[in-house]
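Attaching a single structure in structure tokens format; questions to follow.
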């Protein structure tokens, strides 16, 4: 059960990924009292801000600042208070040992039970693939006490869950975990509306949520699921009973 | 949580499959009050009774009767009371429409939330593959109200979980669900000992249980898991939160 | 280019499969003058008529007759005139040599350049998998002059395309061919509305068409695609240039 | 080392499969003294005798008789003396329990160390897939002493190797075992020439043999390999050292 | 239809890759009036010039110069006029952000509808895998208007096609697009003959072309295909009809 | 047959990998006279020395020195005399061109017929994946005479074999080669006991060895196999007969 002892870390490659792909789930965790930490690796200024760049006289600084505001507004809709912006360059993003250690440090500070981030394959977005491996590597290192980082101690292995990419099947995405977001779908919709430059995506992820709701009903036989989000999982489920 | 409202149906192709591959989990469900129904499709008289056939003057009737006794003893160790024997010929097993409907009837009577049976691939056992498809087909038909069977009504789609085959990786098995069986491992051990003709298997599945316990600890960070069993799942997990 | 020399054979396992999964494409072929032959293997009376069976006093004959009418109405919306009903039992469907030869006969009569039918995997529908293999086998036999069938001669190997199943990714579906159906989407919508008992499916396949339109735009850079349908292909593309 | 204690069973779905796909290897086993048993399940009269059927007035009896002669001639080129013809109908071939037991009987009589037959997938030939499963099933049953067949006793599990299908990659074929046939390539060529109606295949399998020779050289660094044949293996290699 | 409005960019990791793997197709595009741009990333001096290094006193400069001449001669045989040499070190090749941007710049200048380059896997050539990802990444960045590069504007997403690697199946290659090169095969042969140091490859790719011609005939039923080349595609086909 | 002309190179990412995953095989090669060269890339000080870091006042130098001693002791148990320590940082390990060339140099010096190292996937260890690609790349470069390294000449392509990772199936491991280590299992056990800080691993790899022995018996029918180790292979087997 989600409660105040639940720590969730969300790692978003670009500005809006966390909303399209996991907004309903994030809102649900917040609503039920979990500690949700949001890490925005880049503003997506180069790769995911096409509409902004179509405005005359646009500058990189201004794009970043606009996206910063949108992210804060969207996070507020979802109820997320703890956000960090690391302002990495996107398109494409590069990782080195220093960046790995920075993320290990973050994981050890947040002590997440679950990490929500990009899955290993995205047919149209090399940054998403880079971030998927980045998070996995850092999560493994975070558990090892030989990886010494000032002011940190090791944590248990976090369970990592992968976002659904935009072109699901073309990206070999296969849903392993489908979460009901009926109770927080309105919040997700509000958060999506903070990214005004992309109205076609707002429709698109509305259809997705309803289609995943349809699948949730068919797979489970439970009629009350209306909206859902789908994820992959990086490790097997371990527990006490079939779920 | 497992309780008296939980219905589990176990479908075993041969005499002892349910013990080697799921005995600890079955015992756990019984212990916590679930309704466990065990269906033994064949005695494994032709394919899995080598030791018995090595005795002089052995007959098919006698092999079946011996295995019948072993199964009942093992089921008792696990606490299972509801057993059916369908006495299909094994090696190899054949399914037709009548047999499909018989299993639909059974599923509708048991109303299982979970069905535990063989996964789709077994590198050395064609019967296991046949049974995997048999159970899947019948489970789908059981939900459809156009499939009319006297005295039955449709049920919700059961979640199906696949046993770990003997040669896991050679059979493309990949654990998706690892269940802790520490509290009932002794019962599994007792049940395994009912199949005296196969002492090497008793050792083998003891090692497996401990190795899966090791994996359970590594994947989850929980130290208390000692023994575990692994399964695949046929459909995605659907629920309210990451697990 | 589609014209009066184009022969398309559509093989639908159940009553409405051809509409949900290929209605826009079929209408387009008709509109551009192709010869479209529709083969309905079963009425889906047992497996895909839940709403009808919920009516009191329902009978198998009446379900079939209702579905027959719906299919004819839907086909008319799409402009299809050549329909055959083979009235096989569904859920589950069984194929034997006689049925294979019957389909070989049909293929040799229609001489299709393209066959549109179910792909090899469907996570929730065993009949769809059966039909996929059935069509493939018959299409291979149809090209061999040693398979003697009165009144027929061999045909060239037809290109086979697989429908998108309902739960795409759960069924390992990966789009290989995405066809623009913008010009005939209205006809598809009209055809879907002939199956009144399933309004949730009408919405669902509307969203799908728009999402596939989104993918079509992203993959091709062509802005004018609004609605699309996705398919797999059974054999490689062979031709004169990249497409 | 191949010698007079080596038993090889070759199971060919149709008339000429054993020559195109394994002729050089078979000749090598014969040359080095192995006991090679050849089992021809069908004459391929319906599916693989197109050229014969193009002759006016052709009859099924005559096609079979022609193919019988060609097979005997080809086998003689390879040095194979022990041939059986089971005359199953092809295109498509059906297997039942009686046929499984017949093959179990054959395997127990031949006691093969290796079985050479079709692999599990062929993109254009459903019979090849049927035979692959048929041989696998029978080989497993042949080791089980509960499968009682008059006049037979159980045998050790034979290692099964899969032929390369005609369209290798389209059939998901991946070479796991590449055997040098330089010393017997001439015999293979002679055997191929016994099937005069298919000259394009004789060229085709000549190119294949040379391409596989090229791969054999690249993978091993051994310069003397000129001609080779490729196979899959059904089970892992088990032995005493890396090979 | 290929014409003067068709832009094709070919990216070859080493000197001769574009000839062995795509020479017939390139010649066809040139013949029909397309604008073909050839980009040679390295001379393959370290990894694919074994014969040259066997000459006494050989130097790196001389190897590069020899290969430069061979490439120009081969390109002339194919009719290609627009060639660039980037002279990256091969074996192994390394990519960084600066190199990615250089390729983005090139793509935006050429505005290719199709890019022909290496597929994602090569069992014996790490450079080919590096280049495959390099081209994919750059092609995605080329469409994004936030990736600012002096003197360029964004282009539509190019369709990317992957060469057939030398050891096709061992490299998990599966043909998705097979193009008839009968009309330009002579030009390909002439181009291959410009690489005199590798006569065994000239034979090899002659056999490949004929085998792919055989597959083209079998898959399509068209008898006139004699020579063909096979490719993978990175994205689904999007269009107006089945092809 | 293993003898004094057999060269085996073992590349271990961390301190103890070569023992858990290949100790029995290494001991066997030594016992039969082969030249075994052991290359330890890192001490695993950061990622695989948890127990050592639990001691108060522990330092990196001391961890490395302790592991150095353990490795030497374990190698002595196996009979390996030729060891090199490259002391790369682990967790995570980074490879550049200079390191690639260093390994090419090593391979050319050792002239291995077989290289034993990590396979391409490890679900919990990014370093193992890095090393797998590192060894593959260097092995390809080692065969190319354009890769000039002072004091070296090219070698034949070594056959590369992949260790079994700790969580086999979760890491998509599939045994392709299972080697009997019954005659040297005691040495492996002795070597494992040199890593006293990890007693749970000693048990674990004891069970593995016995389970692989069970599989070896089942796959081959040979009763005398008691202990075994499993590996993948990077390239197909090439040889003169089925094995």
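For the reader, a short list of remarks on this structure follows.
We just call them A, B, C, D, E and F in the order they show up, numbering each chain from 1.
In this text, a residue touches a chain if its C-beta (ideal position, glycine included) is under 8 Å from a C-beta of that chain, and two chains touch if they have at least 3 such contacts.
Remember, predicted model here, so these are calculated numbers, not experimental data.
The chain pair A-B and the chain pair C-D differ in C-beta contact count, and the higher one is A-B. Over half of the residue-numbered contact pairs at A-F are shared with one candidate from D-E, E-F or B-F, namely E-F. Distance between chain centres (mean CA atoms), subunit C to subunit E: 37 Å. Centre-to-centre separation between subunit C and subunit F, using Cα means, comes to 53 Å.
In subunit A, the residues touching two or more other chains are 124, 170, 175, 215, 218-219, 235-236.
Against subunit E, the residues of subunit A that register as touching in their complex are 44-50, 52-54, 63, 91-92, 94, 123-126, 170. If you check the complex, the residues on subunit D that touch subunit E are 124, 166-170, 172-175, 200, 203-204, 207-208, 210-211, 214-215, 218-219.
Per the touch definition, subunit A reaches subunit F in the complex via residues 97, 100, 133, 136-137, 140-141, 144-148, 234-236. Across the complex, subunit C is touched by residues 1-2, 8, 25, 28-29, 113-114, 116, 143, 156-157, 159, 161, 175-180, 215-216, 218-222, 225, 228, 230-231, 235-243 of subunit E.
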